[in-house]
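What follows is chain A paired twice: with chain B in the first complex and chain C in the second.
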Partner chain A sequence: MQTSTVDHAHTDTHHDHVHGHEEHHHEETFLTKYIFSQDHKMISKQFLITGIFWGIVGGLLSILFRLQLGWPNETFPFLETFLGKWAEGGKISSEFYYAMVTMHGTILVFFVLTGGLSGTFANLLIPYQVGTRDMASPFINMLSYWFFLGASVVMLLSFFIQTGPASGGWTAYPPINGLRDTGVNLGSGLGFDLWILGMTLFICSSLLGGLNYIATVLNQRTKGMSMFKMPLTMWALMFTAVIGVLSFPALLAGCVLLEFDRLLDTSFYLNNIIINGQLLGYKVVLLFCSSTCSGSWVTRRCISSFYQLWVL
Partner chain B sequence: MTTFLVFAILVLFFMVLVLIAKASELASELKDGKRAYDNQSKWNGYFLLFFLVAMFAGSAYCFKVLMPVMVPKAVSVHGVKTDLLFNTTMVIILIVFVLTQAALFYFAYRYNESKGHQAYFYPHNNTLEVIWTVIPTIVLTGLIAMGMYEWMHMFNVEARDKKMMVVEVTAKQFNWMVRYSGKDGKFGDRIIDQEHITPTNELGIDWTDKNSHDDFLADKIYLVKGKPVLFKLGAQDVLHSFFLPHFRVKMDCVPGIPTEFYVEPTTTTVEMQEYLSTQPWWQTINPETGEPRWKTFKYELACAELCGKSHYGMQKEVVVVTQQEYDEWLSKQTAMYESVKSTLPEKTEVVLASMEAPVSEIDLKGAAETGIENQLIAFINDASRPVDKTTWFSFDRLLFETGKATLKAESNEQLDNMVAILNAHPAVELKIGGYTDNVGKAADNLKLSDERAKAVKAELEKKGIAASRLNAEGYGDQFPVGDNKTEDGRAKNRRIDVRVTKK
Partner chain C sequence: MGIVSEVLSVHSRKPIFGYKAMVFSILAILVLSFIVWAHHMFVTGLNPNLGAVFTLFTLLIAIPSAIKVFNWIGTVWRGKVRLSSAALFAIGFVSMFITGGLTGIILGNSAIDIQLHDTMFVVAHFHIVMGVAAFFGMFAGVYHWFPRLYGKYMNETLGQIHFYVTLIGSYCIFFPMHFMTGLPRRYYTYAQFETFNNFNFLAEFISMAAIVVFIGQLIFVVNFFYSIFKGSKVVGEKAADGHEYANPWGATTLEWTAPVERIHGNWPGEIPSVHRWPYDYSVGGRDYIPQTEPLKPGEVSHD
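Right after this comes the complex of A and B.
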């Protein structure tokens, strides 16, 4: 109820304001109001709905693999109905188990907590609590959601390919994820390519959103609201955004280099490892070729700095 | 398909229920004009209160039921301290959890929205803010300090027992290779390259290193109670994690980065079984074995880093025994070298120039008294030294053009000396071995060394030695005599050796 009153007040002032200008401008179509909306409240709802969807998917996955954990020797024929070859005879295959755990982690950490929660609450609360009409850039805000949706579509698609979704753990460590070899790990095939594509889109979304939150908090506070009078929530959301903006580019770089290793035969993360009794050495030595150690270290650093997000 | 239909029907049924509830709510709102909202908010309050009670009861129940099933007490010196740290943290968190959650849900119930009730506006209180910032800071700093202190103890290299055991564990998809150093207490070197890593030598052990000859692979990890052990950890393909839950040990195994963990076991497997036989859950019968659970208790090593499709199968048993039992077990192990010995390429010992040897009466050109020619002659003349496959004589003045199998002119002196020796001892037959340093591709080196050995053979034949008395083979960059890391060493490794095959 409360939000809808505010909604009204807001649209009313909006009305008065634009009246003097062009008449047709403020007439919102279904498309601009609900789909390609630049209104922070609507975008927040879009994030919320997408986030809830992912919450349900992530939760369902945890139920499925908990079934296997809790009753390792039972068979559940209905699983075969739903999952087909991934649960032959009603038992989840080890490969699909790992794929589900990996996607559960990915979905809950990135698509629910970061996208769903941060996207929903930052978008809804920041303009309200710093006292501004909307975000610093409503258009970028819209893009942020659409990148998120794009990322969601790609991640969801990866469930439906023949070799299944990524299955090397949500941390995506090399070398297991660095080899585009489904013999080493089934999900390291196309599934992981899609994972990286999805994460790339997701990171774009987070960066666009984060920059917007920071700019809004720093520049659009209402008269008299100094940084220290700002509610604690705003500090928390701003810091989350700052840490995100600092750590996500590193994660993105790590992911892209990993994909180079997979598709272009570079050796950022892979050398001197033995796969099927074959020693993989420097395949293509690039100018700043790094060893396995520094490679996995970079990813670890990105991930661990990323962890700090949850401290707040 | 039927399951799917049933499932779809259930979902639709649920949706219909929700819609009916919604519609009846709207209908009652229309009928008596009362806002359903007030009622809802009251019920929300009750539900939240109920949730609070249910959550605490559920958590308490889980503690009661699951605690006895959990991994039992720590059986390592540091593990006891880790547990203390864990339990301290757990208690503090539990207190805060209970207080904050109780307050959260109670407040939601007590102050739910109702008509005519205005929220009390209370924006700021400095004292409160200081309190809830300072107290957690102190508590967290304390916990972190405790953790750091224990960590530094666990990883303090100086404080390690000098008489500790060392066990090398290498992880790969999908098993653990556990190597003990055998009686000498020293591990043979490992060389990680195409040539040393083979199906029969997965660890790439350098068999020319004598320390490797008593190393053995164990099918279970045997440890001695009260005797510290350093696990040297590594991986060959992807990340794995060395996890000994009962010992509170977990350490990543990373290809290319050696890691280690120092542990002191405090309880033998048998003692642990005795201890567990007093624990209620462990006394229950395991339906799979038909025996009480404590009877089949084993310490276990597991992989704790998702490493591929059979990750779950990366397990190994760990057995803690007394020193006496350990010694007994040790004496039953067979060294890896025993099983590979027969498959190794011949040759392990290279005789170099500059060792003492009696000067022979054969006329040699430019050969020093301690030269390799005299070594070879001494060997031929000494009846007590049998012909074997391991004694090679390294000829130091047979030189080739770089990268080719063409002998340089200055090699002639030593070639002539070889001819002289062969002519003086007509019964002697020789095998000529060619070698290179390790620069370039192994396959190319092998080919070049072979061509060079054959070039020497051809040259000797030209000088009148019967082809039947000579044999030649290239060994590439195997069997280095010098250090391939220095130019000097590499020069020593580019060479021709000779072995007596008959005398």
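Right after this comes the complex of A and C.
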């Protein structure tokens, strides 16, 4: 299996030409090579390793809530050691159970199977397989990863705040997520604010990456590489990027409108909710979406498209 | 899906079956994915007539999906399959995709979905087809392109153990969930519902399987990081330009024409030109023909 096979006899490459790309290449520092790299291969590794980290976290969360589902009457004292007030007496609290389910879905759907998967393989394979030296915009590609990392940091931070992370489900449906102080789940406060911030950064990352992938496949194919000479990986990664570019902005809009409801007392999603005798959203100023269903429609349409996003 | 197509073709030493059908199937799935969203909303008070429309579009996705499954099987069929970790995970993907896809046809019907909505049946469907299958595709890609990423091989034995633990374990987690129909999802505890007591054993079994599968993934993590530093090196041949070139899987695509060392700009000289499609395996009496090799007189291009 490991015997190498080199078949250069018939290629059009001219490896003996020394006037190629290398001649103009400048020495890279540790910072530009490993941290703020604009090289698609290094960015691919960054996405992969960040994705693996999130995969472990997301998987671990599922193990924790499976302990509750599998042995609901048992206690696990070691949990209190690690989780403190969220598992008093070794039993996971209902609050934290929902937070874990929410973050398990969020992490695995967005940060592993979208960012980790697409980010890794699109970055690694697109320039190599279409035959180009790098992405259409290596700088935007770098930004794509750093937005992803920023989103990761925000999501991770939300685990360590007093109210715990978001706990209203990874689909972020209103009305439970449209109110900051429901008194039902603590994570609907700052935890969910951080969730929306994290998702906003994540969507920026996906859009920057996706546009780059599409531009590279369409414009930077090597000589002779017609569309139907591309490997199927290229088709799949390009179409995945197209779905992302078309659907993520709608999710972003949905998230921002939801945050407006939560912080600015608008009523894109909540105009029929009555609390303390007051009809919420009565004071609405922003009416450009005109009804609650438009916002939730956007969110739902988006989530539906995500289901197809990472399997292409 | 793209990764799986590539890995299956390379490791079966056969051209992909139905290349253009695959391309148009992906396109069809893309288009249809934008008009199926209300299949999550069958129980929200949606007009049943509208539900019927979304049922139709949802079920239509089964057609391009089935074409792809058929083509993957056609690709592997009677091929000289190398059961490497990458190939195993790609085959595992197809298995998961079929299992999860079949329950998708059930759930796509609005009348049935009203009964099954928010039950563990949905959890089983979603996790198999979108979770496990996607992970299998990702693992196939990592094992296959690891030599390209790091110039090293991942440990094959650990890879195979990882595969079998994940495949068997994942089915142990999610297959029993199909029989927990009626058990609502997202509940913290079912203690108040005596009727659900008969699911206690299954819940315990699933939890044990989940723990085993999670430990199985740690095998992958250890293998991945160990291989980066201590994995066996990809050995290639030194060319006149001083760079080492290797094509460990005997693949036709361009990424294997670049030096083993990951240089900035990918190729030291000019970028290679392409003359043929990427799936010339076991043709013309040869194991494979790289995309960079010009067509012979009389040879017809695939595009």
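Keep in mind that, in the parts below, the second predicted complex is superposed on the first by the 267 of 312 C-alpha atoms of A that agree within 3 Å, B and C clash if a C-alpha of one lies under 4 Å from a C-alpha of the other, contacts with A are read in each partner's own complex, and residues count from 1 in each chain.
Methods note: a contact is a pair of C-beta atoms (placed from the backbone, for glycine too) under 8 Å apart; a residue touches a chain by one contact, two chains touch by 3 or more.
All values reported here derive from a predicted model rather than from experimental measurement.
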item: Chain B versus chain C as contact partner of A:77, first or second or both or neither; value: first
item: Partner chain(s) touched by A:98 [first = chain B, second = chain C, both, neither]; value: both
item: Per-residue touch tally on chain A - higher for chain B or for chain C; value: C
item: Which of chain B and chain C A:168 touches, first, second, both or neither; value: first
item: Which of chain B and chain C A:132 touches, first, second, both or neither; value: second
item: First, second, both or neither for A:176, with chain B first and chain C second; value: first
item: First (chain B), second (chain C), both or neither touched by A:36; value: neither
item: Which of chain B and chain C A:59 touches, first, second, both or neither; value: second
item: Chain B and chain C footprints on chain A, overlapping residues; value: 1, 94, 98, 101, 169
item: Chain A-touching residues of chain B, taken from the complex the two chains share; value: 1, 3-4, 7, 37, 172-173, 192-194, 197-199, 202, 236-239, 254-257, 305-312
item: Of chain A, residues touching chain C in the complex; value: 1-2, 4-8, 10-18, 20-22, 25, 28, 39, 41, 44-45, 48, 52, 55-56, 59-60, 62-63, 66-73, 94, 97-98, 101, 108, 113, 116-117, 120-121, 124-125, 127-134, 169, 222-237, 239, 242-243, 246-247, 300-305, 307-312
item: Chain C - residues contacting chain A, complex; value: 1-3, 5-6, 16, 19-20, 22-23, 26-27, 29-30, 32-34, 36-41, 61, 82, 84, 97, 129-131, 133-135, 137-138, 141-142, 145, 148-149, 153, 156, 186, 188-191, 203-204, 206-208, 210-211, 214, 217-218, 221, 224, 232, 234-237, 239-241, 243, 245-248, 250, 253-255, 257-258, 262-278, 290-294, 301-303
item: Residues of chain A defined as touching chain B within the complex; value: 1, 77-78, 81-82, 94-95, 98, 101-102, 167-169, 173, 175-176, 184-186, 271-275, 277, 279, 291-293, 296
